[in-house]
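The structures considered in this document are given below.
Two complexes, one shared chain (subunit A), two partners (subunit B, subunit C).
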Partner chain A sequence: MNFLIKILNDEKYIKYFLIAPLILLLLFILGFPSIYDLVFSFFKVELGSLDNVQYNGIKNFTEVFNDSEFWSSVEFSFKFTVTAVLLEIILGLSIALFFFSYLKKFKWLISFMLLPMMTAPALMGIMFRLLLNDFVGVIPQYLSILGFPGITFLTREHVYKTLIIIDIIQWTPFVFILVFAGLQTISKDIIEASKIDGANAFQRFESIILPTITPILVTAGFFRFIDTFRIFDKIYVLTGGGPGNYTTSISIYIYKMAFSYGNIGKSIAASLFLLLFSLIPLYISLKFIIRKDLD
Partner chain B sequence: MRKNYKIVLLAVLLLFVFSFLVQGQETEVTMLYWPGPESEAMQKVVDHYNDTQGKEDGIQVEMLQFSRQGFFDKQQTALSAKTKSFDIAFPPTYILGRLAPNLEPIEPYFEKNGALDNLDIYFDSTLEAMSYNDQLYALPTDVSFHLTFYRKDLLNELINNDEWTKKYGEITEEYLGEKLQPKEAENWTWDDYVGYSLFFTKSINNESPTRYGTVLQLKNLIFNVMIWDDVLFSYGGKIVENNKSALNSPAAEKALDIYMKIINNNATPPSSINYEFAEANQAVSSGQSASTINYVAAYSSLTSQEESPQVYDKIGRASVPAGSEGNKVHIHNLGVGLNKHSDKKDEASQFLIYLATKEAMQSYYDNGGLPPVEGVIDEYYAQNIDKYGFSEYIGKETVPILEEMAKYLSETWSNQTGSKEALEKADEAINKLLAE
Partner chain C sequence: MLNKLKKLLIFLITFIIIIFFNFPLINTILTAFKSSSAINAYPQQWIFTPTLTNFRGIFQQSSTPFGQYMINSILIALGSSLLALIVSIPAAYTIVRYKVGRKYFFPFVVNLRAIPLIVFALPIYILYRSMGLVDTRLGLILIDTLINIPLALLISVSFMQDFPVSIEEAARIDGCTVWQTLIYVIFPLMRPSIITVGILSFIYTWNEFLFGMILSINNSTPVTVGTTMFITAWGIKWGLVAAAMTISIIPPLIFVFITQKYLISGLAAGAVKG
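On to the complex of A and B.
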């Protein structure tokens, strides 16, 4: 007991005690399932017979590696992510820049702008399923009035663009709020000084604003990349991954492999590949941010 | 003070012991169900049992509900983990093969209690749909099958209006190669259904009062494949035979041809490629589509004045159309079975025996359920189930097989691939699944 009190009073050790509960929780919630998953990725595990697992080496990994559907889902996830994230960053940055001074005055407007972000992705999918309905959906009705009748948003022709737009609607506010917060850290004096020196808007953006918010954009881009790459809810609700496997993301592939096909081992192997793919943008982002800090 | 404290402690201890004694007189059986109209109906049956026969049996039934979203995945996971948290499971036909290792066949319990005859109240096809490897694993509580829902006002006009009949003949001759006469929906073949769909499509017949003649459900979903299976089986097709894929066949090509005639002639909305139950209903109830083939549950919403004000009094129902082998309609059930890992299987089976009575099933039906029991269920439904009902292959691989079919069929339906190619790929995928 005395020893414990001595430790708690020692600044060198108190930090470990303070984070110990969180570390234990994370080990339990994340660590244990991760190790369990890693082990079972080398076993044949079926949903209907979890107590009858058989070691099969790297067979799960080779099956995933050789599965054209897996690579098709990776391709879809990658293309979808790059397109959506780029557009969200451009839009989020643009909105923050153009409306900055206005929103500083009327901060309460920001709450409304953040509403799409507060909606659960699955609910977003359900909402748009109704909004885009050919017969009772509001969007086709108004487009028809404006002279654009008969647009079928969820056919093969348009479904990819529709999904991108829905993701942009939901997550641009995330980029916006980060950039908006970043813009507030830029000193007004520097901006004033640059105006006096004759810098135009583009020059001020290029030399002052952009360098300041670049780490924020990279961070936002990283978070959005990870989140979008593993997209599931919206797409599953709207298209089920179809037609065929046209809109099957890697998460939908993993889900179907586990629960529709009952092949848990293979789905774990696929999810480990997903983890590996996710480490790449993490590495790039961290390198960039650390280098910026050193500068 | 000390004495009062002792008296209070004694009283609490006595209450505690008493509560155990009281509990010990009745066994609590937990039944898993999913929330919705089915559980509301079943709760009434459970309450009645608990108040009456349950007291005699010394059993009280409690319902446990998982959320509807992902319900079967959660149930499967719980059963695979050998849960004892529920004694009665809620298996549907299409995953019965996968759940069977964790379920107990129920017939031995009925036999032990001299109640085997109770099972006679159910239609044979529905008991088959709850059987795997010749063992009955669950009682069917809600039957699901398909009907054709059409606009009876429009069909009447078509039959009785000479101008319309003439035009109908012209359209069917042009698109189907045969001049057809309109007939009552109950006597339709698939060609009649296609003819009706084409006639009531505005882009083909600009006098059509509806935009589309029908609405197909083409989303990449196993429940939509089950509707297509009606066409397949009506032409003598099969999915699995002798543990090998039998999908790639002339019957399947014909069945796909029926669908593609409708799709390629825009007799179904282009967005049908992402439609399922709700969207198909919407298309008909908004007056935009003149028919659909949908699950029987659609009828109540299509004929509800509140939900379908434009068409509620104009909707007719008919059996799904006939192919060369007659009318065939897919059946699947929701049901109740015994959790193999439960310690109260004997007690739980008592409740199942009670459920397998006309009285219990009548109560279930009266409160919103759809039990496949003759004399209880709507007579029209009973005829369809009895005469036309079939189940696809029931095995461990049923859902993966239907998933592969959904994937390749929806590729064809969206004109990504040709019918022959889709059937060959599906055939190969099914054989691979069966070989594993």
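On to the complex of A and C.
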């Protein structure tokens, strides 16, 4: 016992005791899945008979590679992410700039802007099922009163736009709040001084505001990108990836492959592709975002 | 006069923006208080006699024990926020003071959030199946902790970096062991970041859906998944669904209005540094 206490208090070891729980937990939760993914991407495994595995070579990968549904899900994810994130940045930036001059008076505004992004994405999806429902939904009702009857939002014709708007409603506030918080760090004196020096609104924006918010926009955009790229919950509860596989994102594809079709090997092979894709943003943030904070 | 008009205009725009972004929420809360005839009314009624039938309804269905879902979500969210804090703060201390794992381990952990969770879903399911962790709260606590760790570690490290070493040195000279210094000096000083991490982790876990769906059958079902149980093949009772959602958003709602300061500092830390 004494020996144990001595070791626990030893300066040489204490640093390892402190970090050990985190490492052990990560090994437990991440270790097995990583190994499993790597190994079983080369095997034929079915959800129904998990213990009955057959070596499959690289067949899972070639199957995924030749699956048009996989490529259409990749295309959907990229298109959806780029569109949604760009619109969120433009809209969030505009709203933040609009309120910049009225910061103090509208503090409660921030609470209301935090609400949508703190709502579970899955619940946000269901809330929109209620809003857009053909029979009880408010939006179709009012549109038909306004003279646009029979618009069905989740059909092939409109579903893409609908999902984009839902994502915008939930995540524009994220960009807004970060930019808004960034704008508050600009001192009022600088703005006043520039006014006295005769700078117009555009010059002020270019030389004072823009340099402050550019890094914020980059990081906000980066985080929106990685989060939107793996979108699952919202689409799952709203369309389940349909109609057909029209709104199948990569995450939905991997889920369907494993849990609907039971083709685990193929699902894992697709996950490894997704993992490869996500190494790109990982690398970018390691290189450019984290580093400056560390040294 | 002109000034007053301008003020009114700004107020109006603010109002419209708030309504626009919160419309799904407002509509859901209103629907939750409507009787089923009011829900089916055409056109929508904005003024109606509120009723609590739906709220009573969700707690009375034995096939969908909503009370149980709520207890599950509370325990899972509390458990995984606590666990994330317990493993992250000591690790942050090692990273900051002893400079261990500063170069590769810390950025690696912080950037785990860039990895799509679906990649782990299936292997975790298989691992849990063999360990008997499927459909248990412990299982969900462990996997949700993985989701919370990146932010917890990031906030703890950046907060600890700003501590002057002199406080600890004073404690050590006064005869505290490293452990005592941690418990009596460091932890109390870290209160703001502990609160920030706690709140954000609680909300993230509360809102988690994917693992809640894959890893639970009925014992550990959280509210996000439980709410979808009211959507059945035999039709959707929107009043019940809306009531379930209204109750499910109460915790985030409380945090947003009471602890706004911590939320924003956490979001800013997560986005600006990591």
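Rule of thumb we're sticking to: the second predicted complex is superposed on the first by the 249 of 295 C-alpha atoms of A that agree within 3 Å, B and C clash if a C-alpha of one lies under 4 Å from a C-alpha of the other, contacts with A are read in each partner's own complex, and residues count from 1 in each chain.
Throughout what follows, a contact is a pair of C-beta atoms (placed from the backbone, for glycine too) under 8 Å apart; a residue touches a chain by one contact, two chains touch by 3 or more.
None of the values given here were measured: they were computed from a predicted structure.
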| item | value |
| --- | --- |
| First (subunit B), second (subunit C), both or neither touched by A:Asn245 | first |
| A:Phe135 touches, of subunit B and subunit C: first, second, both or neither? | both |
| Which superposed partner A:Ile110 touches (first subunit B, second subunit C, both, neither) | second |
| Partner chain(s) touched by A:Tyr13 [first = subunit B, second = subunit C, both, neither] | neither |
| Touched partner set for A:Ile216, first subunit B, second subunit C, both or neither | second |
| Partner chain in contact with A:Arg156 - subunit B first, subunit C second, else both or neither | first |
| Which of subunit B and subunit C A:Gly262 touches, first, second, both or neither | first |
| Dominant contact partner of subunit A by residue count, subunit C or subunit B | C |
| Which superposed partner A:Ile126 touches (first subunit B, second subunit C, both, neither) | second |
| Contacts of A:Thr172 with subunit B and subunit C, given as first, second, both or neither | second |
| Footprint overlap on subunit A, where subunit B in one structure and subunit C in the other make contact | 50, 133, 135-136, 259 |
| In the complex with subunit A, residue positions of subunit C that touch it | 10, 13-14, 17-18, 20-25, 27-28, 31, 39-40, 42-44, 83, 86-88, 90-91, 93-95, 97-98, 100-103, 105-107, 109-124, 126-127, 129, 142-143, 145-146, 149, 153, 158, 177-179, 182, 203, 206-210, 214, 224-225, 227-228, 231, 238, 241-242, 245, 248-249, 252-253, 255-257, 260, 263-264, 267-268, 270-274 |
| Footprint of subunit B on subunit A - complex, ascending | 47-51, 133-136, 152-156, 159, 238-246, 256, 259-262 |
| Partner subunit A, residues of subunit B touching it in the complex | 70, 73, 76-77, 80-82, 98-102, 218-221, 269-271, 273-274, 279, 282-283, 286, 288, 396, 399-400, 403, 406-408, 410-411, 413-417, 433 |
| Contact set on subunit A toward subunit C in their complex | 8-9, 11, 14-19, 21-23, 25-26, 28-30, 32-34, 36-37, 50, 95, 98-99, 102, 106, 109-116, 118-124, 126-131, 133, 135-136, 138, 141-142, 145, 169, 172-174, 177-178, 181, 215-216, 219-220, 223, 226, 229-230, 232-233, 236-237, 250-251, 254-255, 258-259, 264, 267-268, 271, 274-275, 278, 281-282, 285-286, 289-291, 293-294 |
